[in-house]
Amino acid sequence: MSDTSRELRVGQVGYAFMGAAHSQAWRTAPSFFDLPLKPRLTALCGRDESAAGVVAERFGWESVETDWRALIERDDIDLIDICTPGSTHVEIAVAALRAGKHVMCEKPLANTVEEAEEMAAAAAEAAAEGVFAMVGFTYRRTPALSYARQLVREGRLGTIHHVRCQYLQDWLVDPDSPLTWRLDKSLAGSGALGDIGAHVVDAAQFVTGASITSVSGVLQTFVDSRPVAGEHATLGGSGSASAERGPVTVDDAAAFTARFDNGALGVFEATRFATGRKNAMRIEVSGSDGALAFDFEEMNILRFYDATEPAETAGFRRIVVTEASHPYVDAWWPAGHGLGYEHGFTHQVVDIVRAIAAGEQPTPSFADGLAVQRVLAAVEASSEDDSRQQKVPHDAVTVRAGAPAAREGEAS
Amino acid sequence: MSDTSRELRVGQVGYAFMGAAHSQAWRTAPSFFDLPLKPRLTALCGRDESAAGVVAERFGWESVETDWRALIERDDIDLIDICTPGSTHVEIAVAALRAGKHVMCEKPLANTVEEAEEMAAAAAEAAAEGVFAMVGFTYRRTPALSYARQLVREGRLGTIHHVRCQYLQDWLVDPDSPLTWRLDKSLAGSGALGDIGAHVVDAAQFVTGASITSVSGVLQTFVDSRPVAGEHATLGGSGSASAERGPVTVDDAAAFTARFDNGALGVFEATRFATGRKNAMRIEVSGSDGALAFDFEEMNILRFYDATEPAETAGFRRIVVTEASHPYVDAWWPAGHGLGYEHGFTHQVVDIVRAIAAGEQPTPSFADGLAVQRVLAAVEASSEDDSRQQKVPHDAVTVRAGAPAAREGEAS
Amino acid sequence: MSDTSRELRVGQVGYAFMGAAHSQAWRTAPSFFDLPLKPRLTALCGRDESAAGVVAERFGWESVETDWRALIERDDIDLIDICTPGSTHVEIAVAALRAGKHVMCEKPLANTVEEAEEMAAAAAEAAAEGVFAMVGFTYRRTPALSYARQLVREGRLGTIHHVRCQYLQDWLVDPDSPLTWRLDKSLAGSGALGDIGAHVVDAAQFVTGASITSVSGVLQTFVDSRPVAGEHATLGGSGSASAERGPVTVDDAAAFTARFDNGALGVFEATRFATGRKNAMRIEVSGSDGALAFDFEEMNILRFYDATEPAETAGFRRIVVTEASHPYVDAWWPAGHGLGYEHGFTHQVVDIVRAIAAGEQPTPSFADGLAVQRVLAAVEASSEDDSRQQKVPHDAVTVRAGAPAAREGEAS
Amino acid sequence: MSDTSRELRVGQVGYAFMGAAHSQAWRTAPSFFDLPLKPRLTALCGRDESAAGVVAERFGWESVETDWRALIERDDIDLIDICTPGSTHVEIAVAALRAGKHVMCEKPLANTVEEAEEMAAAAAEAAAEGVFAMVGFTYRRTPALSYARQLVREGRLGTIHHVRCQYLQDWLVDPDSPLTWRLDKSLAGSGALGDIGAHVVDAAQFVTGASITSVSGVLQTFVDSRPVAGEHATLGGSGSASAERGPVTVDDAAAFTARFDNGALGVFEATRFATGRKNAMRIEVSGSDGALAFDFEEMNILRFYDATEPAETAGFRRIVVTEASHPYVDAWWPAGHGLGYEHGFTHQVVDIVRAIAAGEQPTPSFADGLAVQRVLAAVEASSEDDSRQQKVPHDAVTVRAGAPAAREGEAS
C-alpha cells in the first residue's frame, strides 16, 4: 500500500557494533533530514536468528534473515548494507551488485587488493546500470572533516606541503588482553594498519583531494601471543584457560611516510598501543596559505590557521563546527551543541540516499576504497622489503567477466 | 494486543527544538538500553495540527492531538512530556499530575517561584499516589557531569571551597538580531538567567550535593530594543519592517556570587553576549583534596585534579569520559567514540523510565526545580536591591488544596 | 669617570623574591634592549647586611645599605626601587620622591586608600618637577597582555560587554600550611584580594582602557587559624611548635561583580584555594566585534576571536605571542621561543627607563595604583555591607602640604 | 687578586643569536644557583671586533678576541664555548681540547659523522686528562623534559612501545623568504634534519634512555631556489636584486621511522614548512604503564598518563612543571610562574659547571652528539637509497693520533 517508489528498502547484514550504528542511522536520517527516498528497515540478516531478532526488535527492522543469499534474492530489498568482517565483503557485495541491489559496505573495503579490485570492477559494472556502491569511511561525514575538505577545495590552504596523520588507540597495551578475531590475519586482513590506518589514509586523500603515490613503512607486533578468549579456551578443555595463548598474526602498529601526487609529504602512524589515547584519529595539513588540524577526540572542533593574516594576529583558530553553515549541521541543534560518533553514520545514510535518488555515484566509491587498499598493501610490501619505497598503483580496474564465477565456488 | 503493562505510553506536548530532542530520545532509549518499560510514542500534541503531524511522521508518533487537555484525558497515555515555553508549564503539569499521569517537564520548571511552588506541591501530592514528576535539567545526564557528581560523592574532592560556573553564549551580540519570545519577560520569565543560568545553578547543586543559601547579583540588558521579527512586523503593515523595534524585557546577562550550605563560595555568570562562546556551559569545583572542571563545548571530557598526589606528578587530568565504567557509556560505543548533545535526553528517558518502573522518585524532582527557581528569584531580587545579599528560602512546599481550582480559571 | 648623565643609578630596597626579580631585570634590560640610559646597580638596601650582601654579590650590586633613609640621602642614586611589603611603601616612596628620586614601587601601591592617596599626591607633586613614579603591575608587560591592550585600542573588539577575570592559586588549601606575614592584615593589608586580585583589577582596566565604577563583593576566609611558623613558635618556647596556631586576619578568597564606565559588566575572583591552579591569572574580554582570552599559565599565548569573520571560519585563535611584531618580542628570540615570568620585570625596566629619559610619566602611575586600591577598598566595604554595591570614587588626589610632615613622626 | 681556583673563566666564540643566549646564561647561572665555580665572562671572540665589542659590553665580557686560536692560547681561559656554525665546530673544539680547555659546543656537534667522530675521539682523550666536553642539546634542560626523563627512569612508563617526535616550524613557507647560510649545505650540513631534527633525536634518546638502531627516511626540499639576500645580490650588481635566486641545497623537511634498542617504534618529522607552528618541538612516549607528551610551545607543561590508574579516573595530566620539586625549578619562582626559552641555557651552564667541579663527564657528551649525528647520517643515507632501512652504527670512536695533524693543514 505504501508508495515504495519513494522508499529505499534496506537489508542489512550484521548486527554487532557496526550493525547498531548503521541501524540507528537508517532510522534517524529521515527524522532530521529531508530525504528524497525514505529508508525502510526491511530486513536484518544474521546467522544467529535469535540474536538478530533481538536487534531487529530494538531498532525496528521488519524482518530477519539468517542467510545473506536469501536476503539478496528478496525483491523487496533495494540496498544491501554490509556490516560484517572484511573477509566476507567481496562475496556479499559482488553478489548484491549483480542482483541489482545498491550496496553500502563497511570499511576496509576488503582484506586484499585482489578482492578490492574485484569489488571495484563489480561496482563499475553495476554503476553503468544505475546500481551504486559506496564504502563506509564514515569519518568523512564528521562535519569538521567535511568542512576541512571544503576549506582545501576553496583554496584556503594554498599548495599543500605536509599531511601528518595519526590514529592512536590503546586497547592492546595490556599483554593479557584477549586474542580476538581482529588479531587473526585470516579474518581481519591486517591489524592497526587496516582497521584504523585505513581511516586516516582515506581521510588524508579526502581532505587534500590528492592521492598517495608511494610509501615506505614499518609494521610492528609488540605482543605476539595473547590469551585465547573464553569460548576457544574451553574447547581446549584444559581448565587452565588463562594459560592458553594463541598467536597474534597482525600488526599492533604501523608507521609510514608517503608521497602524494601534489608533491606533499605524508607521515602516518596507526597503533593500538598509544597508551592514554582512546580514539585519537588526527590529521594535520600544512599548506602555503594555511593549515588545518583535527583530532577525533574533540570531534566538533576544527583548527584552522590562515597564513594570509598578518603574523601578529594569526593563530590556529578553534572553530566549533556547529554552525548552521557547516556541513550537515543545520539539521541538528543550535551552535555549540555538539554531535557524537554515530552522527557520521546518519550523514552517510543521507549522502547515499540522495546520490541514489539523483542517479549519481555516491562517494567514497569502491574505487576509492580500492585506492586505500592499495596504499595499505604497499605499506605491507614496504615493511617486508626493509622499508623500501613502494609505488602505489593507480590503474583503473578492468571488468573481469570470469572472476565472479570463479569466486562462487569458494563461497561458504 | 501488545502488553501495555510493559509499556510507558507517552504523550508529548511541543514539537520544536526541544520536541525533536525528546522525540529522538523516547525512540532511541530502548534501542540502546535495557529498560523495564518500553516507551511508546503514543501521541504528539501541538496547536498546529499540520506541523505537528509532520514531526509525528518523522519520529513515529502514533497520533496527533491539538489540545493538551484532550491529551491528558486520554486513558492510553501514561506520561506527559512537556516541551513548551515556561509560561505554560504550571497549568499542563498540574493538570497532568492530577489526572494521574507521570510528568517530564522541560526546564526551567516555571517562570515564577509561585508557579514552581504550585507544581512542586502537586508533584508531592502525586508522588504519594505513585505518580511521578521530573524536571529536565538534561546536563546532569552528560556522562562527564554525572561522573563528576560521582567523584564528589566518593569524597575525591574533600571539603569543597569553590564553585565557579559560567554559561556563555553569544547569539545576541548582534544588536539587530530579532526580538524573539525568549526576550519577552511575559513568556520567558527571564533572559540568560532563567534560560541558561538555571542550568548551571542546577549543575552546581547537583555536582556538589550542596545547596545555595544566599546570592548577590546583577542583571544587565545591553541592547534594550531589537527588530520585531518578520511576522509581527508585517502585521504592523508599515513595509519598513526592519525599522520597527520592540523592547527587550529580560536580561542579556546575569552575574552573581553565592554561598552554599557547605561553606563553599560560588561565582556564576550567564550571558548571551560572550562573543565566540557558543555553548560554554562550564563548572569548576575546588576542594581540599581535588578539583573538577568541565566545559560543555568539550562535553566528553572531564578535568580532574587529585591533590592527594605528590605535587610533582599532580595535574588536571583530561579524562575522556567514554569508558564502559563511566555513567551511561556502556550502552554506546567503544572508548574514545564520543557522545553528542542529544544523548543527555536519551539518558533522561532511561532514568525516568527506570524510576517509574521501580516506583521511585526520579531526579531532579519538581522540588529540585523549585530550588533552582528560588535561586533565580533571589538573584533577581538582589539585582533590584543594589546587589544586596538575598537569602534563598528552603522551606518545603505545602500542599494547597485550593490552588489548583483557582488556577483553572486562568487557563486559556 | 663614567658618564653618569647616560646612566640611571638604582638603589633597590628589598632583596627577597621580588628583589631577585627586580635585580635580574635591572641587569638584563640593557643587554637585550637599546636604552637611552644605562641602569647601574648602585646599591641594594636591606636590614640584614649579610643577607643583602649575598644577593648584592650575586647580581652585581655595587654597594649595600641597611637603612633606606641613608639610601635615599645618597646623591649617587637616581631611582629608588621599592620591593618591600606593602605596609612600608608609603613612607619610603614619599620620602624618595621628596628627595628628588624617581620611584618604582611594587604593587599593591599601599595597604590602604589613604596611604595610596598620599603617595599619588606626592607623585603628582614630584612629576611637576620631572621626577617620576611608577607602580609595578608587571603583568601589563607580558607581551600577550600588552598586545591584548593594543587590539582593544585598535578597535578589534568593538564595544566591550564583558570582562571576566580570575586569579587562581592553591597554596593555602592545606589547612596546616604556615601562618606567614601575607596572612596578617597589619602587614599585608588584605589577602587574596590585595595580593592577586589587585593584578586582575589592574589588568582589566589596562586591557579595556575602562574604569570600574562600582562593585559588589564577598570575601571569605576558609581557614581562620594556621600553625605559627618555626621562628615565632620557637619564641613561644613550648617545644610543641606545630600545635600553636595563630589567627588568619585576611581573606583567602574574594569574588565580586563590577560595572565599568563603558557599560561593561565584570566578574572577578581571586583565591588561594583553587586546587590545582598554580598561577592562573586569567582575563577574558567580550566585545561586539571580538573577544580576547588569556591565562598566565600559558603566558605566551593570547586567544583572539574576530567576530567580523564569517561564522563558519571564526574561532578563538591561539596566537603565539612571540612574533617580532608583538610588543617587546623583537629584543628576544625567534618566533615560538617563549618568554618566562621574569621577562615582565625586564620590560618594566625598559619602559620606566625610556619614560624617564623622555621626561614623560611612566605607566602605571601612582594614580593608576590608587585607582586599583580604591576598587579593592570598595570590594571590602561591599563585603562588610551585605555585598551591597559600592561606588568606586574617581576624584583626583589633592596635594596635601601638611601630610608628609605628619607622617615623618610615625617613621620607625 | 680574585681566587681563580674558584672561578671558571670562559672564552666564548660567536656572539649572534646563540651567542646572546649563552652570554646571558653564563651571567645568570651564578645569580640563581649555588655553583662550586663562578663563571667569569673573560673573553668574547668574533671576527668583527666592533660588533663583538658591542655584545661584550652588553653582557659584561671583560675582553674581546678576533681570532679563536688566540683565544685558545690564552692561559686565563678555562673553557671554550663554541656558538659558531656547525662547519667550524671540529676545528675549534679539537684545538681547544688539545689545549686543555673544557669545551661546550653548540649543536649539531658537527656537519658530518667524520667530523663528529674526530671530536668524540678528542673528547675521549681529553676526558682522560680531566678536561671535559659537552654538546648543547639545551632542550634537555627544559624542566618538563628533564622531569620526563626522570619519570621514565623511575619506571612510570613501563616498557616503552612508541616514540613520536615532531619539530615543526614554518619560517620557510614563503617561497620568497631569502637564501640564508642555513640553506647552504656546505655551511649548514643539512636543513631541517640537522638543525631541528637533531634536537628531537637527542630528546628521544635522552627521555627514553634508549638508542635508535635503524631508520628509514625521506628528505624533501619544497622550494629549490630562493632570493639571494641583500648583500650578495648587491655584489651581483644587477640592481634587480629581488630577481636573483640561488639554489637551496638542504632539505626543507625530513621524516623517518626508527627502531630503538628497547624495541620501541619511533616516528619523526622535522620541517620548516609546518604553517602556523612556530617552534612545536614535540615528543610523545607511550609505554605499558604510562605515557608522556610535551610540546615546546607550552614549555612549562608536561602531560603524563598513568595507566596503572583505574580507567575511569585515568587521563593525561597537565602537569605545570614549576614545583620546587621539579628539576631546576627551586632556584627560580613560585609554582605557576613559568620559565622561558633561555632558561635551558642557564641550566646547561649549571650542569657543566657542577660536572667540571666534580671532575665528572657532563652530559650530553660528544659521544652523545656523535650518536645523534649518526642517526642523521643514516636518515640521509636511507633517503638516498629509496628509504631503505639503514642501521645506525654504535661502535666506540677510536682515538686516532694522526687525525688532528691532518686537519691542521685545512685550517683557514
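By letter and in written order, the chains are A, B, C and D; residue numbering begins at 1 in each of them.
In this section, a residue touches a chain if its C-beta (ideal position, glycine included) is under 8 Å from a C-beta of that chain, and two chains touch if they have at least 3 such contacts.
For each chain, UniProt lists the protein as follows: A, B, C, D = Gfo/Idh/MocA family oxidoreductase.
These numbers were taken from a predicted model, which means no experiment stands behind them.
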Distance-maximising chain from chain B - centres being C-alpha averages: D
Of B-D and A-D, pair with higher C-beta contact tally: A-D
Chain A and chain B, separation of their C-alpha mean positions in angstrom: 37
Length of the line joining the C-alpha centres of chain A and chain D, rounded to whole Å: 43
Where chain B and chain D are represented by their mean Cα positions, the distance between them in whole Å: 56
Shared interface positions of chain C, touching two or more other chains: 277, 314-316, 320, 335
Contact footprint of chain A on chain B as seen in their complex: 17, 20-21, 23-24, 27-28, 30-32, 58-59, 169, 171, 277-280, 296-301, 320, 322, 332-343
Residue numbers on chain C that touch chain A, as the complex places them: 147, 151, 302-304, 306, 310-320, 323, 325-326, 335
Chain A to chain D touching residues, read off their complex: 157, 161-162, 164, 166, 170, 173, 175, 216-218, 220, 222, 253, 255-257, 259, 263, 265, 267, 269, 271, 273-277, 284, 286-291, 305, 307, 314-316, 382, 386-389
